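Pasting the structures here.
You will see chain A twice below: alongside chain B first, and alongside chain C after that.
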Partner chain A sequence: MIYEGKKKIWADYQKEIPEDHYFYVRSCIRQSFFPASEATFLDITRNKLGKDIFETKHHTTCGGIAYHSDAIPQETSMTIIARQFALMKKYGYENYVCSCITSFGLYCETLETWREYPELQQKIADNLWKSCRLEFAKPKFLVHASDLIFKYRMQIAAKSKFKLVNQKTGEPLRVVEHIGCHYSKMFPSKGVGGAEYPYVLVGMIEAWGGQIIDYPERRHCCGFGFRQYLIKGNRGYSVSNTHKKFESMEPYKPDMIITNCPGCPYFLDRWQYVIAETQGKTYGENGHGIPVFTYEEVAGLVMGYDPWDLGLQTHQVSVEPLLDKMGIPYDPAKKYLGRNGKDLGQPGKPHCLK
Partner chain B sequence: MKNNILVIGGGPAGLEASANLKRLGYNVILIEKDKQLGGHLAKWDRLFPDGVSARQTLNALLEEVSGVNCFTETQLQSINVLDKSYNAILSNGITVLADAVLLASGFDLFKAEKKEEYGYGIYEGVITNADLEEAFREKKLPSKQPQAIGFVHCVGSRDEKAGNPACSKVCCATAVKQACEVKEVYPDADVYCFYMDLRMFGRHYEDLYLKAQKEFGIRFIRGRVSEVAETADGRLQVKAEDTLSSKPLRVSLDMLVLMAGMRPSESGKTVGRQLNLTTEEDGFFSSADNLLEIQRSKLPGFFYAGACTGAKTLPDTLHEARSAAIEIDRYIKEKFSEK
Partner chain C sequence: MIDFGFSVSPSSRINLDSVDRESFAALAKLEPDVLKCMACGSCSASCTASQFEPTSVRRAILSLQNGQVEQALDLLKGCMMCGKCTMVCPRGINTRHLIISIQKIYGK
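Right after this comes the complex of A and B.
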């Protein structure tokens, strides 16, 4: 591996990310699977770093899952997106940041389609006016929330209480990074670092003290792949893709995985349970799995958030071995307590996966 | 008084044209931007289809240009079109009043790092066709016996995404030649060629292809490589599709050779901008007519030879150079006998 070669490619894929003043839209999937990640993003950016990140309850889904499942036509998803952009303008913003990779890919696709087919853009603008009485607008800058955390990575590092370092050995933690396919594989120029050697998560890990692992199936899909999972009969494809990735990364003994997509952390996390139950195979140390995180969760850990406030108890793969490595204190008794100390109940224990 | 002919580019086309123009009695001024004459030929080791020495071939071309005014490390600073001639100022300070100009600026190799998925400049074992020729020439091939070696055809050629839908014409034959050559050095290695179509169109090229299969056991896989990654033991994991068996394929290699194709040369583009020379969609210069006036540009007295008008093999390039010399001779006789 020639690191300088990678740096050369990264230099070619620099993306302009404004420092401040964003209209924020949430992700349908992440609000269900990792709600604390979005809350952490808002807390870090607004309260810890003092940025202006605006959100409104009036925004909706982007329609991405329905679009990619062929449940709605492209013009419908474009009109939904036009409404989101119109809300941004209505509230006085021109920078748009979205939490979801599926949305980000669809926004890129939509803006590119409008650029290429102005008559279609006009039709969508007409649809928007007829249906919502909103004025058509396009963002000046479109970024993904991970782009923003990448942008703020050094500010986060400056406020960090913990590093991605094994406290016992002093060695950097070995981190697998996995970007969502729709982040830059469709439009490499829209992602920090491009598609083949993306830098967006690598930059965070390097800034926070970790070491990135380059393993052969690094580019491979997490296993979600929309139809691979959404159609029940195809779910074998989904888990076999995930299995392929874990088999490939296993020799490198990763301590953790960081992702920037709604589907990736979910499938990389949950399928480890399925693989363990069906194959009896685990990929972490001593019968544990490899913990999988969103980038907000990793930023939160580095900044000293309570692991249970970050929602890490909702993960299938237990995160305690990683917390111990980083030297992060946690109270096991509070793991399954909800807001105001409400007992959420304990999940059932898998047979193989600790 | 002899007419001055300025030849821009000291590769095979420029050398061969200069030699022929000199024989026809012209005063030839040849300029070359590099330190040495020979262009890409000077960097190659052996040539397809017979494996003759590139150095010997170049020496034969160089012998023929004795008596030609050759200026190396010299570029065209500026050029003006006069009534019947060209006023060229060279970077070495010399001004040439030329009655005809021949552009033989050749090609640049496609920058293989642009095909990021192949990992050139990222993984140690990924090299280009030019790197392999240099290794043969300098006798710097790895001494450790590789288990497996792959060749990827059409790197930056026939690839709209890379901005070049055209075939580079020489890569198939070069890949087959180099595959045989590495097999001679490493007889126990498995050697794979990943190709789209094998365009072995020239005389003896097909023989070379059959020899590669029969004598050397080269495995030809019809399909493009999709991505390259590094394994834990430092080998290369290559993914491709075998389109003949309709199966995806994954193979571990020790060396992957990318057959970088031909792109219009940057030095040629600089000259083109000065004279507003027209190019075609592929970026190479457009001839006055693609059948009958291939060597002529749309400017009177300005001619082309070799790969500046598109990818060409060495024999094609040499033919064009001779043809350009005849065209220039015809032009000079027509133009300057009017008086």
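Right after this comes the complex of A and C.
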């Protein structure tokens, strides 16, 4: 990677991210895939950094997965989105932050479509009024939750207890960053650092002490691809995409992967199991996989949260090798204990993946 | 091993750093016109043998450029040297002669 060149590209793509006062919307799938990520985001921003992040139980899905799977038309998803924006206005906010990259991409697409076709915007505003009696509004600033963690990365670094550094060797950890395709591939100007080499996760890795790995298939899709996964007959495409990425990053010996999308950590994590069980191949050290994290989980680890409170026991690829490298203490006996010590039960062990 | 009902498809990636490209350079020296091919496919479309056997000068040239020699020779196995492809090639390549040259360089 020619670092000076990347810095120039990054400088061309800077977006304005307000410091505070956001209306927050969750992702429908992250809650089950990586259950503590959003709670950690809210805890860090609200309680540790003292920001005003408002959330209402009345918000819904953005409709993105149904839209990208051709199950609902664009106007339906636009009306759902108009309702979310209207709720933001109703509660007195004008900055909108969403947890999901699919949503973020769809919000960008919707706002651009409305800008180009004002008559369509009017139609959606009418639909919204007829169906919900809510007043149409658009956010002044639209950001993704990873943009906010990027913005606060130095404040998080200042409060950090651990660094992305191998405690035994003193070397920075070798980190693969993977950006969700819908973050900036569709609208490069909406992402920090553009589409080719987004800076959003790189900035976090640098601030927290890690080293970024540049590898040939760095910008390749994680393999989710909506219909590629949702239809079983197509899943070979999905896992082949992921396989291609892992084959490409393997020679660079990554210690971990950080992602900013709901689908990417899921597929990069779970498909390592499928690749191990179908190909007999693992990509980490000593039969382990490469642990995959959301950016909130990494922020939580750096700030000293208990790994099991971050939900890391729900990952397919075991995270312990990375915790050991970072020198983070954890109690193996508590791995599968839920709230108040409730036994969550042990998952079955894979044959090939440790 | 578990059967999930789907699996990783074999990669179609070609690593040009690891294939034999010297033979293609030798072919281009013997038959410089091979570099003029624009992959229009007129040769394959007019080929009588291709009705019965997978035969294609166009695909054979591409395969040789990618170092897939076996595949290329397979694509010329059915050739009966009729020369129809030479008559239709818009680049004026003597494809019939080219096929002979390919056999000279790559044939076993």
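Couple of notes before you dig in:
To be clear about the criterion, the second predicted complex is superposed on the first by the 354 of 354 C-alpha atoms of A that agree within 3 Å, B and C clash if a C-alpha of one lies under 4 Å from a C-alpha of the other, contacts with A are read in each partner's own complex, and residues count from 1 in each chain.
Rule of thumb we're sticking to: contacts are C-beta pairs under 8 Å (C-beta built on N, C-alpha and C of every residue); 3 or more make two chains touch, one makes a residue touch a chain.
Worth saying up front: this structure is predicted, and the values here are computed from it rather than measured.
In the superposition on chain A, A:Q14 makes contact with neither chain B nor chain C.
By the document's definition of touching, of the two partners only chain B reaches A:Y252; chain C does not. Looking at the shared chain after the overlay, A:D214 reaches chain B, while chain C stays out of its contact range. Contact with neither chain B nor chain C is seen for A:S189 once the two complexes are overlaid on the shared chain.
When the two structures are aligned on the shared chain, A:S131 is found in touch with neither chain B nor chain C.
When the two structures are aligned on the shared chain, A:T56 is found in touch with neither chain B nor chain C. The touching residues of chain B, when paired with chain A in their complex, are 113, 116-117, 121-124, 227, 229-232, 237.
Residues 1-2, 5-6, 8-9, 194-197, 214-219, 251-252 of chain A are the ones touching chain B in the complex. Across the complex, chain A meets chain C through its residues 232-237, 239-240, 243-244, 247, 274-275, 277-280, 351.
Taken together, the chain C residues at the contact with chain A in this complex read 1-2, 4-9, 11, 13.
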